[in-house]
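Each structure below appears as structure tokens.
Presented sequentially are two complexes of chain A, the first with chain B as partner and the second with chain C.
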Partner chain A sequence: MKNRNVTLLMLVLGIVVGTLRCAVTYAQNAPEASEKGKEVYDQSCAHCHGTEGRGDGSAAENLLPRPRDFTRGLYKIRSTESGQLPTDQDLFDIITIGMPGSSMPGWETSLSADDRWEVVAYIKTFYDGFKAGEAPREISLDGKIPYAEQSVETGKGLYVELGCVECHGNIGRGDGTSAPTLTDEWGFQTWPANLAQSWNFRGGADTEAIFKRFIGGIAGSPMPAFEGDSFLHFGLTVEESKRLTELENKDEMTETEEAESEKFYEKMDAAVNLALNRTEGIELTAAEQQTYDDAMQVVYEKSWHLANYVKSLAPEQRPEPAIGKNVLRSQYVQDALPGMEDPVWETLQARHFPLVGQIVIEPRQFNPTIDSVDVKSFYNDTEVAFLFTWDDRTHTIGDETDETTGKPLEDALAIQFPVKVPQGPTAPKPYFLWGGRLPVYLWHWKASTPEQVTELTAKGINAAEVQEAQGALQAQGVYTDGQYKLWVKRALKTDDKKDLQLDPGVFVPIAFSAWDGANGDVDAKRVVSSWYTFVLEPVPSSRRFVYPPLIAILSLGLLFGLRAAVQRRNSVS
Partner chain B sequence: MKKLSLFTICLIVLVGSWVVLRFAIGGIVSVPIPGSVIAMYMGLIIIAILVHISVEDSLFREFLRPIRETLVEDRRQVRRRVIAVLIPLFLLGYTYSIIAQRANPPGSPRDAHPSPPLELTYKDEVIGTMQDVVNPFRHYEKDDPEAFKAHVENGRRVYYQNCFYCHGDHLDGQGHFAPHLQPLPANFQDPGIIPNFQEAFFFWRIAKGGPGLPAAGTPWDSAMPIWENHLTKDEIWDVILFLSEYTGYQFRTFGEAH
Partner chain C sequence: MKTYFLASLAILLACYYVGSAFAADSGAGEVEMLVFPDAYSAGSVSNGGTISGVVKFEGDMPEMKVLEITKDQAVCGATEKYDESVVVGEGNALKNTIVYLIDVSKGKDFDKATKLEMDQKGCKFTPHVQIVPVGARLTMLNTDKVNHNVHIFSSINKPVNKQQTKNRRKMPLAGVKKAEGPVSVKCDIHGWMSAWIAYIPHPYFAVTNEKGEFTLEDVPAGTYKLGYWHEACGTNSGSPASVTVEAGGSVTQDFTLKLK
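Let's turn to the complex of A and B:
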């Protein structure tokens, strides 16, 4: 017990001393770069961010999002208000944790805390704005509205009202109409976040992090800060905003109504001007500050609701990939297999297959836009059905062509099996990229012909042949709200020797390729998976209802027998 | 306090040993002990207990006494009934869990570092025998530090333009494409990697990539590209210099003891 107290004391002391030390050494904001900071930067950061901090290191070209250009003072992930620089802690945290969904890793394990603070000081020297040394205004989290169904519901309404749909799409999969047109401050293409994939949120996925992205904006990206003219009805209270929407929706306004709405517009203009002045550093009078604060109060409140709604769109974590015990198991049903819209699919948990850019064979895809494909399957005595779903921000059906190959750019999915299932764990499999010496059997679906799946045989990523015998497969594909859903059905056994033949209980290698036409995917340029495993899950043996009770009864009999034997012996002696 | 019966002591020893093996040694003190090893130890302990109780007749009788009492004596009726329910119930559940267990896919045995061929080649050009080939720029380390530095810098460029997507910023095999590859990319920060191989071995693995592996290395699974299709011979040697410079590990040289 004593020991534990000592340990606890040491721990607390350690934390206190550590915090004090950080506070003393690093609290000052003026950039004082040391030799050490430059050394660490050149060794660990420069190959992406460039020796001059322009985001133009040797690796930059094949990265999207691009490494940050530090010379503009634009930082995406901040705890500070719109137009403000990040705090030192913000910079330190990003270096420590990294940015999910990008190539920026966390440096906690490879750089000491001291080194990371030195780097913070060094990267600040790339932008003169830091020299003023003023403390940036931090976003207040005081009025936090806890996560609750009611708040999520309010946020859902705001999501539409505030125009989030334009970029992030109807239900947040990043498939809004303007999604393919967006570029960042440097002119590089940028995609709106898919809000259903919270594991790719650069600044973390808790509601506070999401809230900060709203209030502070994501500097350098098209995501606006919720302030001034980028926030609908800025300066109006919730009631005023509601009234104005009501007035605006009228076919014709009376004169008094005209005047009323005019008043609202004036109020909004005034508030927007205050926000602009504030960003430019013009001092506000006490009255103006009050007006601005009132306007922001409404924004803060709405932002918390919206943050709760966004939080509700994605699972807490990325689903576990389909390896080990999570392999794709097709469930047996006695009757006809369910069609695409059958609610029985809801009873199955999807298996998750992450996809990565194909960078082995030219042309390569370094900046993939498709994250993963989720799969479910049922089978009966004669057929097997699959349901594939994957998110794609754009519905591309080959209207545009690839400049180098002249081939149409379109969305597609291919499901890959070996032609013959390897016998035993050491038996060779075909090469995971569409086979090689050993061939693979493929189902190739394209968005332009959603009712059709072509069967291919391939001996290499550029050596695929359409099979002569087609028609073994039934397919149905739809695209809604940023997600493809593909249903495929095939007989377990076919007459074609080039087809895979399926038997329950046999573990079959399975792999995927997917193409996003809008991202320039064509031929080998695509996203792929390694080999995974799929099995028609055998119907559990009915022996499981026979042997266990039998053994239980036997053991009981044994106990009674033993008792009888002992009793007899006692009576004899 | 009542003296514990011999049977109870034996039971405590048995259960206690299992708890110590399973949780205390395998978990707190060291890594978990494999089930088969635990089973072996438990077998030994059971034999030891059996030997102990069968040394003398009186001891054996003492051991059996509580069992006999539980089976027949009236004052043990409650205990008897509880046991008559628990043992069959346990066996019922245990047998069911074994029979209803779902089969999992067989693991694929893979040799992560299979034997290289005797001859080192770049495309079709023979460079030399695997044993004798050395990094042609390694000697600059002593002879011309400036030139050596230039080669390392070029290696750094090659690494960050080609390798870091999978092998990572930290050279730890955790690049942004890495988490979803099977097998995982090599971790050069692992002290068991660089010091165990000659530079020529690395040249072979880089130049020929996944498809160049012998069957023991499951060439069909590896996402390592065939880099001789993308990089020059010198670039491969330079990136090898960079790997050891960055990590601080020295490659094995020929003749060095294991």
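Let's turn to the complex of A and C:
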């Protein structure tokens, strides 16, 4: 808990300084605030969304997705049908909560509810479509089907039937075959959500939110709406649909069967016609409305199953990061260490290491695609084995090259340790970006040579050397369904002075770098973590380690390092 | 949860520090639009005239780029696909040019019998340029048994992005309220698929065929501005051709277009 507070503190510090700087910049050209909404907007939103609401604020350029251009009336997170504008409540909520997985912050703590309502009214003035004042059509949440195994199973079938697979992949990791070629409304590359990491959903991860997202679609993105007649046999009851499928699968139909199926087609055409009338604004008679509602009930039922399935793909919450009580502890086994596919790995709970885009040194990664790496470990008297897993939507093995560096674009992972474990909590650690004065020892794995891990020594992000003595490591890497799994084994002790030597009970700093070739990651352009720690859990464990304060101090050091580096850069440019 | 959120915020703020130093270019080129009359009244036209002509391409013949088929090879990759932004036929005939009357305010009604369809066979939109009367329903065809999403990038009308699954052979789309376009049509699932739809308020529009030919029939006698639009060659909206049609007569007006 303690180190968490410090992390918080450092973040708050960053925010305060950042806000001050922004305030200074914008005070200069702030026009007289005429009304409250405009004032709030100009102060808090314009540097991203632009004074005219065109999404072209001064901070916009490095952000992907770009801050929204409000002049087109395209809103991703709506509780309304496809083609409809959001409700005021939708806008208020998104401004309050923010959009996870993007740079859109939440304003719950920094703007009063009144101010948030004012700014809702103000951003609506950027798009004429709001002027008509028509109430948008909302998606009905009636008849919600509770989460249950059977429902999830039904939903799974719909996930395939409706073609979510094309973009989101077999089990939802955003690795569908269409994923690499998607662009948003403004021509920027965009990726399908990784449904296993629902903490990055823009509009929330609860079942209702998911339900609304695929029924209404996500305007401005390639994610389509799954409206009534996108569903199989819209207009038929479940039984009728079953019967029609049966008929359609027959090699030859008798005359009566032909007539029967013809009836079904007519019924479906009629339902589609009503749906179109409704969209076109033609009022339905009471009888027509009933027919339409009946058809929609079948669709909504299916949709709840699908929403339950999507919900099942992600953990209830993002796992806690591997600090404090969640520090990575390698577990002792007496016998040989398990191989990659050994089921014994299932008995361990993975530790979670969040990764962020590297933005200190050129080339930077402002739009990272790899979220985190999960780690498990066992050791015995002579060796240690690790299992690393991380999600990457594409399997890139260097077939294409980076335009500026000419280097192959390739997925990779590097695991970083200091060469020597710092003695005591105040002893300095190497710089988190591949060392500096103090060197780091690295395991570098690349997707094109999945059975090989190269040992490196580095004194800076661009100063890594392949160690002369190699071969101490065994490795195995596979890619399936949008996820890498890498197994690495090494002796606890080696003869090489440049290698890290491992002893049970000693807390060892560990950090990660990962590259997604398809996202242009190469060299320093990558995702990174700061220093974490791991330990070979001694058996039996009797000693107590007072570790949290150490982490706290180190995090603080990291913050200052980061700030110093950024400032240095700033003064150069 | 909160920690992550704050962390991302902090990183973002760090971006501000360094942000201003980088520049990236953004946005795609604007597509030129058709010009529509403020109002149009439809009625019967007797003894109207005909405007016809041929649109030709001038300049170095652009090579038709072979599209990279990235998925569903069995269906989509069965035949080679080409980028159809410039299709030039024999004698430099330019296909897929819209030719239309800019300033007509009265004339015939739409021919309701015309089938309005756009096919996705082989993961390619056919036709590449489709004109759709305001209010009329365009039917998307899918006979290949693959999933498509029909994504129409309207901005005056409501944009459409709707899944058409492999089982849906015909998917009619709702009619639109206003004249617009041409707007881009895409299938995000098959990123190379591209077409254009123009929502038109009157029937005096034609799309040139592979011989570059167009015909506008039943035009009430009078003098009109004749416009064109082509995806890669742009429009002549700034200086349209002027044509005079006599009752029952026919006039020809050819165009020669260059790349923008």
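Some observations on this one:
Here is the rule we go by: the second predicted complex is superposed on the first by the 438 of 573 C-alpha atoms of A that agree within 3 Å, B and C clash if a C-alpha of one lies under 4 Å from a C-alpha of the other, contacts with A are read in each partner's own complex, and residues count from 1 in each chain.
Keep in mind that, in the parts below, a contact is a pair of C-beta atoms (placed from the backbone, for glycine too) under 8 Å apart; a residue touches a chain by one contact, two chains touch by 3 or more.
From a predicted model like this one, the values you see are computed outputs, not experimental measurements.
Contacts of A:Glu185 after superposition: chain C is touched, whereas chain B is not reached.
When the shared chain is aligned, chain B comes close enough to touch A:Tyr431, but chain C does not. When both complexes are overlaid on chain A, the residue A:Thr533 reaches chain B alone and has no touch with chain C. In the superposition on chain A, A:Leu232 contacts chain C only, with no contact to chain B.
Within the superposed three-chain model, A:Gly471 lies out of touch with both chain B and chain C [touch as defined at top]. When the shared chain is aligned, no partner comes close enough to touch A:Gly133: not chain B, not chain C. Of the two partner chains, chain B is the only one that A:Ser44 touches; chain C does not reach it.
Within the superposed three-chain model, A:Val356 lies in touch with chain B and with chain C [touch as defined at top]. After overlaying the two complexes on the shared chain, residue contacts for A:Phe507 are found with chain B alone; chain C is out of touch. On chain A, the surface patch touched by chain B in one complex and by chain C in the other comprises residues 58-59, 61-62, 103, 105, 321, 354, 356-357, 359, 366, 562, 566-567, 570. Of all residues in chain C, those touching chain A in their complex are 1, 3-24, 26-28, 70-72, 135, 137, 147, 149-151, 153, 155, 158-168, 171-175, 177, 188-192.
Of all the residues in chain B, the ones that touch chain A in their complex are 68, 71-72, 80, 83-84, 87-89, 91-93, 95-96, 99-100, 102-109, 156-157, 159-161, 164-165, 168-170, 172, 174-177, 179-182, 209-211, 215, 218-221, 223-226. The part of chain A that touches chain B in the complex is made up of residues 44, 47-48, 57-59, 61-62, 102-103, 105, 107, 109-110, 321, 323-325, 327, 329, 354-357, 359-361, 366, 424-426, 428-432, 436, 438, 505, 507, 529-531, 533, 535, 537-538, 540-541, 543-544, 547-549, 551-553, 555-556, 559, 562-563, 566-567, 570. On the chain A side of its complex with chain C, the touching residues are 4, 7-8, 10-12, 14-15, 17-19, 21-22, 58-59, 61-63, 66, 72, 74, 82-84, 98, 100, 103, 105-106, 161-163, 166-167, 177-178, 180-183, 185-188, 199, 217, 219, 222-227, 229-230, 232, 272, 276, 279-281, 317-318, 321, 354, 356-357, 359, 364, 366, 562, 566-567, 569-570, 573.
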